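Below you will find the structure I want to go over with you.
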């Protein structure tokens, strides 16, 4: 399960992780709280498009990108810039948690001085995860366990307290991620930017890898943080 | 490979991790920089024992404990309280790294306001790991890769900046760890203390575990930190 | 004055401090914002009890526990999981501050990634304390001074930024605290857990104690943080 | 016991605490590692004085200041700018610890980007305190307990990670501290600076004081940090 | 553009910066969210004044102080103690941003454990700045660029995570700032306090200044933090 | 003045800043503590070159790169991997400080978990700067003022506590920096890596720039930290 603020976030920040999970046959559900219609669609506004048109464009782009990655996307249309955390929206997320019973949760990190919608999505994703665990919290469906949470990388990581705690090797699904990025015509300037980032995180992965991994020459990677401890059967 | 300041540290702090690795057939080498003869043998001193006697006692205890865990231990007799970081001792560790080609490195965390020997061991373990990677650093043996590093838990974790980033399930080797602890007659007051700690870390493991782990009723655990990013093929 | 999110918190986290104050003849008022009816009563929900029944059970348990400690408890029934910080609830706390004119304030720390109700209680307790100091803030009663604030220990201290800054010796009231814990039948699994914690904090107290304290063999302790500076007439 | 890098530090930073302890009849020993002859005597150097002359001046000033405060001072003449931490100097401090059996230890904080001698003194003071506790560490005298440690305020507190955790009311000994400051002719520009600081810390003390302290109109204060937990019989 | 919680803040914390900008012919707009009528007017309340009278007094004082500094002030009368962050108030700030197209933004830092109104003003000032940059956010006026942000100094800097990252030399406008302070009769006790602070920050400026600045003997300064990176054409 | 651990550091990390200063007619002196002969010359070692050959190659490369940037370089040949901080080497740096009287100092940041030589260079650069300010510290030449210090970007910034506090626009000297990088044949794999980094820091610069800067379409930038406060005549 992936909880994001805007329509494009799941592609730039977690497209590789999603494609990997899908390639293993896992079901991935993306909860997209807004279309990014106000804050992340500058090009469309400059072209004179209207709010509804922009929402429709972003929705269509995101649906194609999700399909390319092998995931299902649900839109909440909660309004961006600002996205406001509410009890109602959090409750809707509880319902999704209980319905999908996720093994892993991905969302934004807690800080982003350039975009307040990202921390708002983070707060709701985390709060809903805790509420969904409580038998006393009302609603349909079974309570969930304590699925591990990963924060994906923000646009300016050093300014957002982001430290790469997990480097995920996405080399084998890289072409899929690139194809999903290319579905996002509204943010074309980011295609190469996030390709370069994947290369750089790949270099870092190799620098931190143990001796026997047999890595590809050009390893591509995504970085994540863990707010909760890793549960392990073995140190590695 | 485990680098510790004193003869008992590897038992209290990483005995479960060592026993688990040994149970999987891996070879574990413990580099014990001192016997803990001055700083961790108060009982023996109060009984009027001499320095050499105390070293001999602690060595014998540690060897029995290592054998119980299935590991080999090497003593460097570098002198404790204070343990001083030197280029010579670091160079000896480089030799061990290159000889053993470790897949994983365990050592003390960087801070301990109650015992300066622990941070000194940490500094040498980390520096030697980096030097052992460089083809230009002189010495016998092949250079090593970049094995992941884990810091084990200090005696007063909250005062030492310790945060459990990895909780390792040691339930299946718990009896082995307890038996190793009981080899350490000089620090008998710690047997129950570290048993209680394993219970508490086990409770925490269960609280943080994903839904499908099928955990034992009484899960025992050890906690570790990661100073370097985790390299992953899958988020879990 | 103690401000807590749920009915049990004041017992597990500050029962010793409360009993000590009561034993000195001080009046202790506990502001219990919710009964913990949804988030901390899993056993009762699994037994099929209804919301009102659960509230009644938790209220009755908390009243008996408070009586055992020698304190008075007031319930605000603000609803838990989630407890939402509101201006109205904060204003009610201002009224209690002005009425009780507390010498000391105890509450939850600012962070708890496992339970958002605790930080919510913290924010209201701190905000109300500041408002109650202002002559311009409307309401009954005299304004208060600046009573020192202590944060009590969360369930997973290292994950909540908790560092033991004050270790309170509760040995002489330990039996009272244990008796109060045993009033909380809904959370029986925690009785031994918090007994072990008191032992461990007692060990830590002895390790940090000055030379002349004449401590009991088995010292029991509770840990606290101070968000504001300590005012002292003497360094000790 | 007070461990300082330079001859003037104990006056500016802890003169009030020393005078208070002396006024209660306690014995205060100041370990002055250097005379501050190179780094804190610019005026004398500009006047063309020689190294030995400057040391003599600073020693004489410090002795008079210590006498004014009611304390004894010992000089180690270890050389400043830079003061280098050595095993020998640390060992001398162990001897002083064991000889004086201090109830309280005062020293510099761990960071000071403007003066490396201060952190060096901190490291030796802390290490010697730990070594002096160990029965296995050789030397004369009885081992010590675990006296609480206080860090006094550096010249640029915000740049040195200094946070006032304890505000000590020194109003009743203020005249004594001022008299001691006036013994330090080599640093006359600091007399008013540190008087203003005491006023400001006094304002802060009153702002943080509980309701019933009956404070003086013009309260003077010194600020300290605690690296170890406070041991308490009562929360206040 | 300056965004402050209460009527006096812009004088104590940024009066020098404002006067300097005005002296260079720049237009300075102060957005004063409240009059500080409840939380910062204790003297008037003790004299028995009414809410409306106090607001009128504080407004008149602030207008005179702003005029003295050469700035225009706008009042939002949003109610203090507590000042509550709302979407409406944030939207009003967006309008001011777009209207004034500021080159620089000054506001409170993110933390203040003594006054929650200051962080509330910070949050709205930062959020409105980001929203005002988005072409998709509705409202009059042109979108703005990314003007640098400076946080001014809180009353208890070390307790509020404040670190002087920029020291601004206000010597040449010091008399103007003092005159503006003296317009604030309601807080007379702060005139000398903030004069002393300016002296101390001036001493710190000189201690950190490069070699060739030709500073005044008595340099006066204000301290600021930068939440965003400095953009530079030259390192200096 | 630039103090670096290895022969290549000043090019990758500060080549733009150096070229900018040189283009303004300023004299730039680079203190290169080692040739990076052991730790940063893996390619040459794999080709079977000897230590002296490698040093000669690295020296020659670095001299050509410095010439390309318009700077003078001095080698200290202190031995790398590990570079050890010594009083002698620090004293040599004091001499350079006093001789060159720098207006600005550039060096490595305080942390780098991948290369201990960088923090060692940092410590000596900072200590020597403080000693060079003291009239009492012996040696030739005039004492220096307090030149501002900038830390340049490490290879893995997020793992080294690096936060871009200053973004320097190096667009106009970019070709010069690229030419200098191409002098470093021993590390050819880094040419494109550091070109990409400059692009990315340029994107970040534009995102953080104020409204009226008239930036180039493809802005290139370098990032720095400031350990000491900025001294300013104007907020911008």
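Details
We call the chains A, B, C, D, E and F, going by the order they appear; numbering starts again at 1 in every chain.
Here is the rule we use: a contact is a pair of C-beta atoms (placed from the backbone, for glycine too) under 8 Å apart; a residue touches a chain by one contact, two chains touch by 3 or more.
Small disclaimer: the values here were computed from a predicted structure and weren't measured.
Counted as hops between touching chains, the shortest connection from chain B to chain F is 1. Counting C-beta pairs in contact across C-D and across B-C shows that the higher total falls to C-D. Mean C-alpha position of chain D lies 37 Å from that of chain E. In whole angstrom, the spacing between the mean C-alpha positions of chain A and chain D is 53. For chain E, the set of residues touching two or more other chains reads 114, 159, 164, 204, 207, 228-229.
In terms of inter-chain touching, the protein chains here follow a pattern that is not a line, ring, star or complete graph.
A list of each chain pair in contact follows: A-B, A-C, A-E, A-F, B-C, B-D, B-F, C-D, C-E, D-E, D-F, E-F. Partner chain E is touched in their complex by these residues of chain D: 114, 156-159, 162-164, 193, 196, 199-200, 203-204, 207.
Within the complex, the chain E residues that touch chain A are 87, 90, 126-127, 130-131, 134-137, 227-229. Taken in their complex, chain F has these residues touching chain B: 37-39, 41-42, 45-46, 51, 54, 81-82, 84, 113-116, 159. The touching residues of chain C, counted against chain D in their complex, run 17, 20-21, 24, 101, 103-104, 106, 144-148, 150, 164-169, 204-205, 207-213, 223-224, 226, 228-236.
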